[in-house]
Each structure stands twice: as structure tokens, then as C-alpha cells.
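Chain nomenclature is as follows: A, B and C, assigned in order of appearance, with residue numbering initiated at 1 for each chain independently.
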Amino acid sequence: MNILEVEGLNKHFGGLTATSAVDFHVEAGEIVGLIGPNGAGKTTVFNLVSGALLPDSGVVRFKGTGITGFKPHKIVRMGIARTFQSVKIFSRMSVSENVLLGHLFGRAKGSVTSDPARGETEEILDFVGLGGLKEARAMDLILASQKRLEVARALATHPDLLLLDEVMAGLTPTEVAKAMELVKSIRERGVTIVMIEHVMKAIMSICDRIIVLHHGVKIAEGTPEEVVSNKTVIEIYLGE
Amino acid sequence: MLIALLVLLVGLPAYVPSSSYTVILVTNILMYVVMALSWAIFSGPTGYISLAPAAFFGVGVYASAILSESLPLPLVILIGGLASFVLAYLVGSVTLRLRGMYFTMFTFGLVELVRNLVHWWEVNITGTVGRLIASEDPVTVFYGMVAIFFAVLLASSLIKRSRFGLALRSIGESEEAAAHTGVNVNRVKAVTFGVSAFFMGLTGATMCMRWSYIDPTTAFSIQYSFMPVLMAIFGGMGHLYAPVLGATIFSLLEELLTTKFPYYYMLIFGLTMLIVIVFMPYGLEGVIEKWRKRGKGGPVDVAYGAEKA
Amino acid sequence: MIVRFLDIAIGGLLTGGIFALIAVGFGLQYGVARVLNIAHGEFIMLGAFCAWTLFTRAGITPLVSMVVCAPFFFAIGFVIYRILYNPLRTSSESAAVFEGNSMLASFGLLFVVQNIALIIWGAPVRGYTYLAFPINLMGAVFSANRMVTLIASVILGSAFYVFLIGTRTGKAIRAAAQDANAAELMGVRINRVLALCFGFGTMMAALGGLLLSMTSIMLTPVMGLQYTLIAIIVVVLGGLGNIKGSFIGGFILGLVGYIVSSVQPGLSMVAYYVIFLFLLLVKPTGILGK
């Protein structure tokens, strides 16, 4: 079943084309990579899916239902969560408060003092590896931990689809390896993942399929092996 | 400690002659405290600076002036609060979708807008500008303000500890992230703005009973916008005590200076605002919290609205 | 019919001339220096009172007073920026924080200036008449002093426009309006330029007030607020940061105000608000904005 379908997505900013007639689908349970040179329109696609931006034309369907033009909070409550390229955690709140927020306003809609809320927050924090930092202030964490926190917060909303925007940018090789493990274990929890990445090693090893964008247009799609041997892809990455 | 304060306040008129200066003074202090606390409920965590308190206060005043002859007092006060809530919710739903500065600009103008409307109404429809009203005795007004004070303290505390309060703080940090965490940002902002206005309306409706004559200029005086903002900025908005402290200090100062230097004291308050903005960005609370944390190490950060449960 | 149309058109222009001037001043302060100066109206009030004082105490006509008032108020604005807003600018963690803080500081400034005026001139309403004879323009009759204010506004506006386009400082201002940090990197002495903008803003406010006072309106220390609001609305109408837009927007709003006033006096402010609300809802970037 296609958990996400995107058809003919067009978005312009003034005279600039961000995305042009982008079509793709994501099947439930997949890990799909979205790659392309800087400015290719990848984050714009995420913004259009998550409701942060309104497309000029085109359709977004989630589990068969049209969600084009829905507000972000509504889309979250339907089951799509995301992280941001520039980590947008709530810096002056504690780590557990960040995650709690996701639990309270995501699909579970719990109440602050309930035990399930506490319990689940702890479970998610342990899962992403931040178990010992519950009461730390978000702004005091190192970058790699802040990224994990953002993922934890997204997971707390009980998504069926998770959009990760460059979650490995700025990480050391060790941190990248750990992040790769985390992404795989998220999929094992039953969450479908679409990830924007520049770290090729990660994309190649964990993605089932890869979509390549360039200047807002989809230029290639397929398994990692197929994409890597695609002539156009090679040209744009080496020729620039 | 709160119980002690409650007992103290409730018992005040008992051991002090009823129409005395003290009761009136404390009523005035409570008025400013409530206004400052109400303002901090919304503007503290979200960072949206509203300059509209005078509009909501004035709506309450007029509600009271118009209805106090025909309806029982508590109902009149409640209506004053509700009218302000509705006004704030409507204005908020429209303007809070925009950048903070547009919101601030509109709230700044709201006071004048409402004042102009009321003035026009009185000139063209009622026939006379201003109206005479029957005033109540100071003790009744005093108890009214005490009740409102405790109500706003309760509301403020409940909000901070609830998921609503968490949502407000997240909005203050990053609206986009909050929306993507499932928070209905526009609704939360509008409702909170409304709640804050509700208490200001209640206050206006209650304080109206101390006067015998009102007109648009006195009901919608921009001072009722300036003072709560000054007090909350000066006192701080993180913990509950902060706006209370700021409001108490300034109302006492106003009391002290108003008789001796009627024009100079506002000049001084204006200068105080300038000094606080430049030198004390987190207000008195920032200074106090820094002093409390001295020697304990670690960063001092007054996260507005971050009351520990 | 033509007379009616002319009456409205010219009347609107006359009202609009001053609106345009004070809006450009406000726009310089907000669009370039990024200070939402809600005390703007207080300087308009000060300009009006200075004109009144000079006229009634020293017999100096307002047009001559302009020569004295302009540099005086420019200097005041320049100094205020230096000692109040510049420190704020350097100490604020972000542009958004600075916007909020500078607005609050302006709020404080509002009360300081208003009360200084109350101390100096007291609360009673003042006024004076100057050039109050009627002029007949193709059937529509207007007071000479109002025509003078229009002419003065246009001259001042054009002069400033020439300054912006023609001089180096003007170009620096335009650069700063686009991007202050980039301008600084290109060698513009940004602190000085921003202070200049603020000074020009104050100067235009005062000149606007001076011209206003000529039109026999009632002067009181609390008159500033409504003009601040008008300036805000005009600047939003014309597009934030768009100086030309502010100028034209002033005339548009003046026209609207004049029409509404002739139909239902006392509701012109309300009409401005409706426009404001409409703009915010539909096109916050302004009719002429980018």
C-alpha cells in the first residue's frame, strides 16, 4: 500500500522554481532516500508534504486521503512527523518536556501528569539513546543529541511516516553510524521513513529506494545500485 | 503562604476602618497586579507584545457602566470579562497569524479604535459623551478585586502546569516546530490572548464601581496599557511572583508620587521603562534569580512561563 | 459635480500631504533602523508646539520656524538613536528581540516626551491662526494655510527623494534599508547611517507637526497618538521599507480620511482601522509593497 503519494507538485517563489511537477510514492515500511545537490528542492518537498507550505498545484495523498493544504498540526495528528534541517528543538525546555509535547499534541493527546505520558516519554528517550539526559536543558546538548531529541519528539507523536531532513549533517563518522542504526530501528517499530541526506554512505546502505531531485525536477528513481549507475545522476554530481 | 495572604486580604477591612485609605490603596494595587499578571499570561511565554490592555480594561468599564443598574453585580462583572474575551479572541484570531510586530501595531491601535468608536457612539447615538454611574462602597470593590486576584493567580498557575502552558512556551520558542508537533498554534494563541483579556475586563468592570463618572478618555486611557506592561517587564514574567512584585512596587510608587509630582511621575516611569529595557532585560526577577543561583554554578535562564511543577 | 469631485480630490491631497510626510519619517525609522517608534506622534506634537511657541511668543512665522526646527529635531533624533537604540541593537540576541525591545523602549519614550510637553506647556488646548484666508480653486474653496502645507510636503518629500537617489549618504541609506548587515560589510558606517535615518524620521515628524499646527487644529500634548497610528497604517499600506510607497500611501489614506470625514465626522480613525485590518488580512506586504 502506498502510504504517501505525491503528484505534480509545483512550487514557485517569485521567479524561482523550487519544485516542478514532482511525482513519487512511498510504500509502507520503506526507507526512501531523497537526494540531490543543494537547492534541488528537497526540503521544499518536505515542507509541501508536512503542510508548512502550500503548493501552487499538485496533490499530496497520505494513506489514500488527500492532505494538500492541510495545516501542519492536522497533518501531524494524521500521522506524519518530521525533523528540520536546522534543528528546531525547544531549547529552553528540558529534554523530557520536548518529548512530552509530542506525546501530548500528537496522536495520543494525553494529559501532562498521566503515567502513560511519563512512561512513554522515558521509553522513547531510552530508545533514541538520551535516557540519561531527561532533565537536561535542550540547549545544553551537543548537536548529535539535539538531533536525536528532535527525532524523539517526532516519534512521540506516534507517526506512521517520518520525514528526516539531513539528520546526519554535522555528525562525526561514529555518530553517523549510530544514527544509521537508529533509523533502521525506527523502521522496525513500524514507521515508514523518507530521509533527505547528503551523507552518501548512509543513503546507500540503509535506503530501499532513492529519489533524485535536481533544480526542482525528479531526474532519477530506483534502488541504490540503479541510481548510482544512472548517467544523469553521475553527471550532476561530478559535473558541478 | 498563599493561605496567609488570603486571610490577610480578606480580613483587611475588619481591622481597618472601612472607607479608609488603606482599603482603597490595596484595591488599586490589586488592580495593577491583576492587570500585570493577566498580561504576563499571554505575552510572557509567547513573546507577542500586546499593547491592548487598556482596550480590554475599558470594555469592562463600559460594560459595568451600562449594565450595573439593571443586573446583579457579579453578573455585570462577568459580562465585562466575557465581552473582553470575545473582542480579544476575534482580534487575536485575525492578527496573531501575522508577524509579532503587526500584532503589536494592531493592539496599539486597538485602544484608540475602541475609544473612537465609543466616543462616536456617545456623540451620535446616546447624545452625551460620558455617563454618570452609581458607585459602590470601597469595601465591596475591594473584595471584588481580591476575588479576581485569586482567580487570576489560580488561572495563571493552572495554565503554566498544564499541557496548554507547555504549548504556549513551545510557541514562544518556535511556532513552526510547535505546529509540527501537533499544536494548533493559532487557536492556542487566540484563546490565551482571550483569557488574558478576560481578566482585564473583569478588572475594568470592578474598578468602574469606584468612580461616579466615566467617559471614553478615562476608560480607555493609554496608561492602562503602559502600566501593566511596565510592571511585567520590570518585575519579570517567569515565576508567578515576578509580575506581582513589579506591580506592587510600581503602584506604591505611583501612590507616593502622584500627589506630589502629578506630571513628573509619569516621566519617571517612562524613564524607568527605558532603563529596564536597556539594562535589565529579564527584569527584577532576572536579578533575583541570578542572586539565588550565585555560587551554585550553571547558567541562569529565566524561561518565561517555565514554572517548575 | 466637478466642484464636488475637486473638493474631495484636493481636500484629500491636503490631508494626505502631512500624512505622507510623517509616514516617510516613520518608515525610515522602521524600514531602515528597524525601530517601531511608537513615540513618533510625540515628536509631531513637539513640532506643532514649537511652532506655536515661536509664533505666539516671538512672532516667527511657521515657515521660517521650519528652518530652525528641522536641524534641531534632526539632532534630537540622532542623539536619541545613539544613546538608546544603538546600545539595544548591539545587546539584542536577534533581530526579533531587538524589534521587541526597541518598541518597548519607544513606549517608554512616548511617556517621557509626552510628559515633558505637559510640564512645559500644560494640559490646556492651544492653537493659532496663520494664513487663514480662503483660496478658490475652480469652485472648490480651501484655506490658504492648508495649500501651503501641501506644497511644503511635496517639496520636502521630493527633496528627500532626490537626496536618497543622488547622494552617497542617500545610497547608503537605501543599501541599509535592504540589508543592514550586508551594507556594513560593504563599508557603510552602519551606526551612523541608522542614526541619520532616525534623525530624519524625527525631523520629518516635527516638520509634519509644524505644518499641522498651521492648519488651525487644536494642539494638546496628547494629540500625538492618533498620528502615530496613521503613520503605522500608511507605512503598512505602502509596504514596509518602501519609502516611495509610504509617501504615496499617505495621500491615499488622506483621501480616504477626507471622504469619510465629510460623510461621517469622527469616524475617520475607524475607517483607517478598517483599512488596516483589511490590509493585514489580505495583503500585509502593502498595496505597493514587494
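Quick note on the criterion: contacts are C-beta pairs under 8 Å (C-beta built on N, C-alpha and C of every residue); 3 or more make two chains touch, one makes a residue touch a chain.
If you're wondering where the values come from, they're calculated on a predicted model, not measured in any experiment.
When every chain is reduced to the mean of its C-alpha atoms, the one closest to the centre of the whole protein set is B.
The greatest centre-to-centre gap from chain B, using C-alpha centroids, is found for A. Rounded to whole angstrom, the centroid-to-centroid distance between chain B and chain C, based on C-alpha atoms, equals 31 Å.
Chain A and chain C have CA centres that are 49 Å apart.
Inter-chain centre distance (chain A to chain B, centres taken as mean C-alpha positions): 42 Å. Contacts from chain B toward chain A in the complex involve residues 161-163, 166-167, 169-170, 173-174, 176-185, 299, 301, 303, 306. The touching residues of chain A, when paired with chain B in their complex, are 50-52, 71-73, 76-77, 81-82, 84, 88-93, 97, 100-102, 104-107, 111-112, 137, 140, 153-154, 157. Here chain B touches chain C in the complex through residues 47, 49, 51, 94-95, 98-102, 104-106, 108-109, 112-113, 116-117, 119-120, 123-124, 222, 226, 229-230, 233, 263-264, 266-267, 269-274, 277-278, 281, going by the rule given at the top. Those residues of chain C that touch chain B in the complex are listed here as 36, 38, 84, 87-88, 91, 96, 99-101, 103-105, 107-112, 114-116, 118-119, 225-226, 228-229, 232-233, 236, 266-267, 269-270, 273, 276-277, 280-281, 284.
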